[in-house]
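So, here come the structures, one by one.
Two complexes, one shared chain (chain A), two partners (chain B, chain C).
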Partner chain A sequence: MDEILQLIAIIAVVAGTAFSTLGVLGFIRLPDVYTRLHATGKVGVFGVVLLLAATVAWTPLGWSKGLVLIIFLLLAGPVTSHALSSAAYRIGIPFATAVRDDLAESSEGGSPEEVAA
Partner chain B sequence: MQTWMILLLWLMYLGLTANLQLSNLVVGLLIAVTLTAFLHPDPLRVDVRQAPGAAWSLARYVVVVAKDVIQGGIQVARLVLDPKLPVKPGVIAIPSGSESEWATALSAHAITLSPGAMVIEIGEHGMMYTHTLDTTHADESIAEMQRLRRDLLEKILPEE
Partner chain C sequence: MLATILNATLYTALAIHVVLIGVALWRIWRGENIVDRLISADLVTVLTLAVLAVIALITRNSIYIDVALGLAALGFIGTIALAKYMADEQMF
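Take a look at the complex of A and B:
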């Protein structure tokens, strides 16, 4: 039983760290604030949750505590992504490259460039 | 009545303290009752007759969202690792298909949770303006996922 738990913990730590690294890599490589938020959001979802799963499997942290923490993280993570991207759009930070922008064409929008001008 | 809200807060407290001694049970219950009495949250309505169906829909919803999140994660990982960085970012409008604010908010949450898509703004009639890393076939796939999510959410949430 200990070996199985240890194996789960090892796999979760490796996968979580890999996804966190990918998130940082994406944060450096992607061109603008909106695309970068996708990369950092991934750290929150995969990185932290997998590391917490490893913690539950291989340290005295109770599973119920880990579960509640994971649920809180999964509930709050998207809210920060949304709040940051929405704020960035409203203060008029432009897209580096945008293939299409339905929001600018709608009544709610006004493209970031127009808002800035 | 706030019974269900108190129960939820109590379970959360017990989960976080991970301690089932009688004194802790009592303290948790007191905290839950006091919080509900002072903060007056919107009461959770639970229809006991529909509860099993709603729980089943909730379980399916979790599985659907988890699958979406894992697929999105792998897709974004491949995009980031690709030397050419073939992103085609853009904002697409996706109707949530529901007039209920809760269903729209939870759909937007699920979309933002999955890597590679993120709701920037919610317009009138639950139109969700979604920023995606790859706009080429995001339209149909996200809209299709959205129909599935909406059907499940409407079974989970009680009628307004």
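Take a look at the complex of A and C:
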């Protein structure tokens, strides 16, 4: 039984580290703030959750706390990204290569062009 | 045999995550605008969570997951409050 749990832990740690590195690489390389939020969202949701899946599988007596933390991260990740992107939009940070801006037409928030102008 | 592989992957994962935290910290220092720095601050919190999870695996002690739970809650609240403060210039 231990062998299987160890195998699960190895695969989960390798996958989690791969997602974390890809997320941070995307965070560095992507052009503007909004696309960077896409990258960091991956790190927070996939990277850490897979590592915690490994801890659920392998650390003794840790599976319940690990599951609670996984559920919390899956809930909190998207909320953080949404808050940051709406704050950036309201401040008026311009898009790097945006094709269309639906929020501007609905004129709910001050779009970057108006704020910048 | 499998245990040595697990140990090796855990230590490499720890090293990789520490390097990633360094990159995120450098990004805080060199961020081009305020939201970029706030994203990297949030990223540092998340990567510290990952380091705590790996340490919990290495020492096989589940107390680190409690620490990670507290850090996740506080990091989340802090980032949301800062984002609101940044957008509206007033906290409450």
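Everything that follows uses one rule, which is that the second predicted complex is superposed on the first by the 114 of 117 C-alpha atoms of A that agree within 3 Å, B and C clash if a C-alpha of one lies under 4 Å from a C-alpha of the other, contacts with A are read in each partner's own complex, and residues count from 1 in each chain.
One rule holds in what follows: a contact is a pair of C-beta atoms (placed from the backbone, for glycine too) under 8 Å apart; a residue touches a chain by one contact, two chains touch by 3 or more.
Given the structure is predicted, the values throughout are model-derived calculations rather than measurements.
In the superposition on chain A, contact is made by A:R100 with chain B only, not with chain C. By the touch criterion defined above, A:S86 lies against chain B and chain C together after alignment on the C-alpha atoms of chain A. By the touch criterion defined above, A:A9 lies against chain C but remains apart from chain B after alignment on the C-alpha atoms of chain A.
By the touch criterion defined above, A:W58 lies against chain C but remains apart from chain B after alignment on the C-alpha atoms of chain A.
Applying the stated contact rule after C-alpha superposition, one finds that A:V33 touches chain C and leaves chain B untouched.
In the superposition on chain A, contact is made by A:A76 with chain C only, not with chain B. Applying the stated touch rule to the two superposed structures, the overlap between the chain B and chain C interfaces on chain A comprises residues 37, 62, 65, 68, 79, 86. The residues of chain A lying in touch with chain B in their complex are 19, 22, 25-26, 29-32, 34-35, 37-39, 41-42, 45-46, 62, 64-65, 67-68, 74-75, 77-79, 81-82, 85-86, 89, 95-104, 106-109.
Contacts from chain A toward chain C in the complex involve residues 3, 6-7, 9-10, 13-14, 16-17, 20-21, 24, 27-28, 33, 36-37, 40, 43-44, 47-48, 51-52, 54-55, 58-62, 65-66, 68-69, 72-73, 76, 79-80, 83-84, 86-88, 90-91, 93.
Only residues 12, 14-18, 69, 73, 76-77, 79-81, 85, 87-93, 108-109, 112-113, 115-121, 123-124, 127, 129, 131, 133, 135 of chain B touch chain A when the two sit together in their complex. Listing the residues of chain C that touch chain A in their complex gives 2-3, 5-6, 9-10, 12-13, 16-17, 20, 23-24, 27, 33-36, 38-40, 42-43, 46-47, 49-50, 53-54, 56-57, 60-62, 65-66, 68-69, 72-73, 76, 79-80, 83-84, 86-88.
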